[in-house]
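Both complexes shown next keep subunit A, but they swap its partner, so subunit B is in the first and subunit C is in the second.
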Partner chain A sequence: MKTTRIALILAALAILAAVPWFGSDVLVQFGINALLIAVLAQGWNIIGGYAGYASFGNSVFYGLGSYGVAIAMVQWQLPFGVGLMFGVALAAVFAVLLGVPVLRLRGHYFAIATLALAQVMTAIVSNVKLAGQNIGLVLPPLNNDPLFYELSLGLLVLATLTIYWLTRSRFGFGLIAIRENEEGAAVMGVNTTLYKTLAFALSGIFSALAGGIHAYWVTFIDPESAFDIGLNIKMIIMAVFGGPGTVLGPVVGALSLSAVSEFLSSEITSLAGLFFGAVVVAAVVLMPRGLADMLRRFRSMGWRYFAENIRSHRL
Partner chain B sequence: MTAILEVSHVTRRFEGLVAVDDVSFALQRGEILGVIGPNGAGKTTLISLISGTLAPSSGDILFEGRSLLPLPVYRRARLGIGRTFQIMRPFPGLSVLDNVAVGALFGRGGGQAQLAKARELARVQLDFVGLGKNVDQRADELGGPGRKRLELAKALATQPKVLLCDEVMAGLNLVEIEEVIEVIRKVRNEGISVLVIEHVIKAIRSLSDRLLVLNHGVKIAEGDPGSVLSSQAVIEAYLGKRRA
Partner chain C sequence: MDLLAQILINGIFLGGLYAVMALGLALVWGVLNIVNLAHGAFIMLGAYVSWYLYTYTGIDPFLGLPITAAVMFALGYAVQRSVLNLIVRAPMFNTLLITFGLEVVLTYLAQLAFSADFRTINPAYAGDSIVLGPVVLPVARLLAFGIAIVLTVGMWLFLLHTRLGRAIRATAQNLVAARLYGVEPRHLYAMTFGIGIALAGMAGGLYGTVSQINPYIGAALTAKSFAISIIGGLDNPLGVIVGGLFLGILESLTALYIGSTFSDVASFGVLVLVLIVRPNGLLGKAA
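== the complex of A and B ==
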C-alpha cells in the first residue's frame, strides 16, 4: 500500500518533470502558472491548513518575493538567486514583525487584519522609488520556459516535502494542536506564539519564492499585480478544495482547478468568471474538509457523505 | 511534608465581580487536595490562575519556591504543571493516541522530540487511564466519560509534578467515578501532587487528604475532609442558613 503510493507519486512526478520535452509551449506556460499557484496553496496550507489561521496576507509575501527579485536584478544588477534570497528575507522579516501582533487575533479577526495588509502594501510600494513606484519594474528577460518550469516544479516538491515533514515532527504536531485548540495546546507546553510566527514565516517563504520565480518569468511587475488579493483567494480555494491540513490535497486541488479554469477560459469564456465562485460554494457546502477527506470517506459512506455535510451546516 | 505549590493572597477580579478573593493555601508534595464549593465559587478560576490561562489581579503563586506569575502558560507546563479542563479541550481531528502524544512531545522539560517515542509514552498513559482500547479512534468519537479520561491522559503525558483536575468526575455515573478516583490515587502514588476540583462531594471526600472550601471566591474552610464537611460555614454555604 505504502510502496505503491510512493511509486505512483514518483511516476506522476516523472511525467510532470518531462512535460517540457513533449508538451507544447502553451502547455509549459500553463504548467508554470499551475505549479506556482500549487506552491502558493501549499504555502498557505502551513498557516491555514495546519496552524488553522486563515491568512489573507500570503499575497503580500508573494509580492515581497516578486519585488525582492525585481529590485535586486533591476536596481542592483545582482543575479536571480541573490534576488530570490532577498525576497525570502523580506518575507521572513515581514512575517515576524507583523505576525507577532496579528497572530494574536483569532478566526475572522485574523482574516480581516491580514486582508488589509495587501491593500496597505500596494499603497506603500506605489510610493517607494526603489520599487519603481506605481509604474513597476521591468526585469531583464530570460527566454527559457523549460527552466522556469523545472524551477517551479522543484519548488513545489520542496514545499510538499516540508509539509510531509510537518506531519511527523514535533513542530507539525504543535501546529495541529494550535489549530484544534489553542488553549489546550498551551497548557500542554506548546509555545503557541513562537510556533504560529514560525508557521507564518515558513508559509511566507514559499509564497515569496513563488513570487520571485514568477516575476523573473513574466519580466514585469507593478504593485497591483504583485499584491493581488485575488491570488490569495485563489490559493485558499485551491487548498481548501483539495484538503487543508493534508500533504497532497492542496497540490491536487491547485493542479485540477487550474486545469479546469484554463479549459473554461479558453472554451466557454462566459462561464469562466463564475467558476471559482461555484467551486467555493460547492466545496464549502458539500465537502468542507476537502477532496482528500471526501475520497477517503466517500468509499465507506457513499452519497450520505454529502448529505451529512449539508446537515452539519444546519441550513 | 513540604509545599510544592503555594498560593498566597491571590485575588482575581472580573469587572466588579471578585471571582477569587484573597485566597491562600499550599499544596503539599504527594498530597491530594480537594477544592469544593457551590457553583460560581471561583474554583475553575483558581485553576486557571495557577496554570496561567488567567493572570491574578494581585497576590503571588509559587511553584517549588519560585513565582509563576512572570511565566506564560507553556513555560508553566514545561516546569511541570498539568491541568485538565472542565469543558474538555481535546484535539478533535486527531486520534486519541496523537492527542496524548502532543503532551509527550511537549510537556515538562520540553518533552520528547521523537514522534515514535512520544506515541509509545502516550500508549502507556492511555492504558493507565483505561483508554488503551481506544487509541485509534478519533478524539471526537469518544463519549463524555472517555473524553474525561482523555483529558487526564493528555495532562499526565506532559509528565507533570502537579496535576490540576477540573471536575473530572462531573457527568459520570457511580462506577465511572469510582474508576476515575482509582486513577487519581494511582497518579498520587507515582509521586504527583494533585489538586482536584469537584462538585460531587461524596467522591471527593473519600479521595482527598485535605479539603479546601470556596464560597463566592473566599476560602471559608480548610482541613481534613470530615471536620470541614461538618463545619457550620460549609453547611450554610451549600444548604443556606437554617431559619430559626
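== the complex of A and C ==
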C-alpha cells in the first residue's frame, strides 16, 4: 500500500516534469501559473492549515519576493539567484518584524490584521522610488518557459517535502498543538511565539520564492499585480478546497481548480469568476474539511457524508 | 485655516457615510459572529437598486431609501435562511470563506446584469451647496450625512427599546438562554442579517449620491467597514459613528497633508495599530 502510493506519486511527478517536452506552449504557460499558485497554497498550508492562523496577508510575501528579484535585477544588475535570495530575506524580515505583534491576535482579528497589512504594503510600495513607484519595474526578458516550468515544479516539490517533514517533526506537532489548543500547547512547553513566527516566516519564504519566479517569468511587475489581494483569497480557497493541514490536499486543490478555472475562462471570462465563487460556497457547505477528507470518508459513508456535514454546522 | 475647516467638514460628512456602511457589518458580526466579507457587495447592490429606482422611476434617491431597504432586507433574509444558515456553527474560517464566495458571486452577477460602466445617482440638486461662512456644504453630502446619523441612532434605539432589538441583543449574548426564553434562532438570525443587509443597501444608496458606483466597489468598502467596526468596537452601534468619523477625518487630513495615495495607508495602518493595542476596539471593553 505504502510503496504503491509512493510509486504513484513518483509517476505523477515524472509526467508533470515531462510536460515541457510533449505539451504545447499554452499548456506549459498554464502549468507555470498552476504550479506557482500550488506553491502559494502549500505555503499558506503551513501557517493556515497546520498552525491554524488564517493569514490573509501571504500576498505580501509574494509581492516582496517579486520586488526582491525585480529590484536586484533591474536596479542593481544582480543575477536572478541573488534576487531570489534578496526576496526571501525581505520576506523573512517582514515575517519576524510584523509577525511577532500580529500573531498575538486570534481568529477574525488575525485574519483582518493581515488583510490590512496587505492593503498597506500596496500603498507603501507605490510610493517607494527604488521599486519604481506605481509604474512598476520591467525585468530583462528570458524566453525559456521550460526552465521556469521546471523551477516552479521543483519549488512545489520542495514545499511539499517541507510539509511532509512537518507531519513527522517536533516542529510540526508543535504547530498542530497550537492549532488545536494554544494555551494547552504553551502549558506543554511549546514556545508558541517562536513556533508561530517560524511558521509564518516559512510560509512567507515559499510565497516569496513563487513571487520571484513569477516576476522574472512575466518580466513586468507593478504594486497592483505584485500585492494583489485576490491572490491571497485564491491560495486560501485552493488550500481549503483540497484539504488544509494535509500534505497533498493543497496541491490537488490548486491544480484541479486552476484547470477548471482555465477551461471556463477560455469559454466565457465572467463565468469563470462566477464559478469560482459558487465552488467556494458549495465546498464550504458540503465538504468543509476539503477534498482529502471527502475522498477518505466518502468511501465508507457515501452520500451521507454531505448530509452529515450540513447537519453538524447548520442551526 | 479655511482649508482645514473645509477638510474637516468633508471628513465628517464622509465619516457619517462610513458609519452607516459599517453599522450592518458590526451588527451581523456581533450577533451571528460572522464577519461578512460580502458586506461591500451588498452595499454595491443597494447602490444599484437606488440607481435603478432613480433612473427608471424618477424616485428621489433619498426618499427612495425605504424601498431600497425593503428590497435588500428581503435579499438578506433569503441569503441567511438558505445559505449562511447552513454554516452558522462552522469554524470561523469557513464563515469567512463562504461570505467571500458570496462576494465573488454577487460581484460577477452584478457585472453581468449592470455592466462594468460607472454610474452616478445625480438628482437635480446634486451640484447645489450651502455656503456657511468660510466653508461650503454640498447639499447631497449634507443630506447623506444627516440620514446616516439618523439611521445609526435609530438602530441604537431599536436595539435598546424594541422587543425584536432586545431579542437580538439577548441572542448575541447567549444563544441557548435566548432560545429558552422563546426566541426562534433561525428566524432571528435571518432578521438580523436582513436588517444588516438593509442598512448596507441604504448605505449604498447614499454612497451612490456622493460617489461613482460600479460592480467592483464592494471589496474596498468591506475593508473600510471592518476598520470602522474595529476602531469603534462591536458593543454599541454608536461606536461606529466614532469609528466612521475618525476614519473619515483621518483620510481627509492624510489626503491634504501627505498625499491622497497615502489615505489607505493611514486607515489600514491605524487599523493594525488598534488591533494590536486594543483588540476590542478603541471604545470596546479592555481585553
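A few points about this structure:
Operating definition for what follows: the second predicted complex is superposed on the first by the 312 of 315 C-alpha atoms of A that agree within 3 Å, B and C clash if a C-alpha of one lies under 4 Å from a C-alpha of the other, contacts with A are read in each partner's own complex, and residues count from 1 in each chain.
To be clear about the criterion, contacts are C-beta pairs under 8 Å (C-beta built on N, C-alpha and C of every residue); 3 or more make two chains touch, one makes a residue touch a chain.
Please read these numbers as outputs of a predicted model, since none were measured by experiment.
With subunit A as the common reference, the superposed partners subunit B and subunit C fit together side by side. Within the superposed three-chain model, A:L151 lies out of touch with both subunit B and subunit C [touch as defined at top]. Remark: in the superposition on chain A the angle formed at subunit A by the CA centres of subunit B and subunit C amounts to 80 degrees, rounded in steps of 10.
When the shared chain is aligned, subunit B comes close enough to touch A:I176, but subunit C does not. Of the two partner chains placed by the overlay, only subunit C lies in contact with A:N127; subunit B stays clear of it. In the overlay built on the shared chain, the residue A:V60 is in contact with neither subunit B nor subunit C.
Using the contact criterion defined above for the overlaid structures, shared-chain residue A:L16 touches neither subunit B nor subunit C, since it reaches no partner. In the superposed model, C is the one of subunit B and subunit C that contacts more residues of subunit A.
The gap separating subunit B from subunit C in the superposed three-chain model is 10 Å, by closest C-alpha atoms.
Under the contact criterion defined above, no residue of subunit A touches both subunit B in one complex and subunit C in the other. Contact residues of subunit B toward subunit A in the complex are 51-53, 72-74, 77-78, 82-83, 85, 89-94, 98, 101-103, 105-108, 110-111, 113, 115, 118, 154-155, 157-158. Against subunit B, in their complex, subunit A makes its touches with residues 168-170, 173-174, 176-177, 179-181, 183-193, 245. Subunit C meets subunit A in the complex at residues 29, 35, 83, 85-94, 96-98, 100-109, 111-112, 185-186, 189, 219, 223, 226-227, 230, 259, 261-262, 264-265, 268-269, 271-272, 275-276, 279. Subunit A makes touch with subunit C in their complex at residues 48, 54, 101-102, 104-105, 107-109, 111-113, 115-117, 119-120, 122-124, 126-127, 134, 229, 233, 236-237, 240, 270-271, 273-274, 276-281, 284-285, 288, 310, 312-315.
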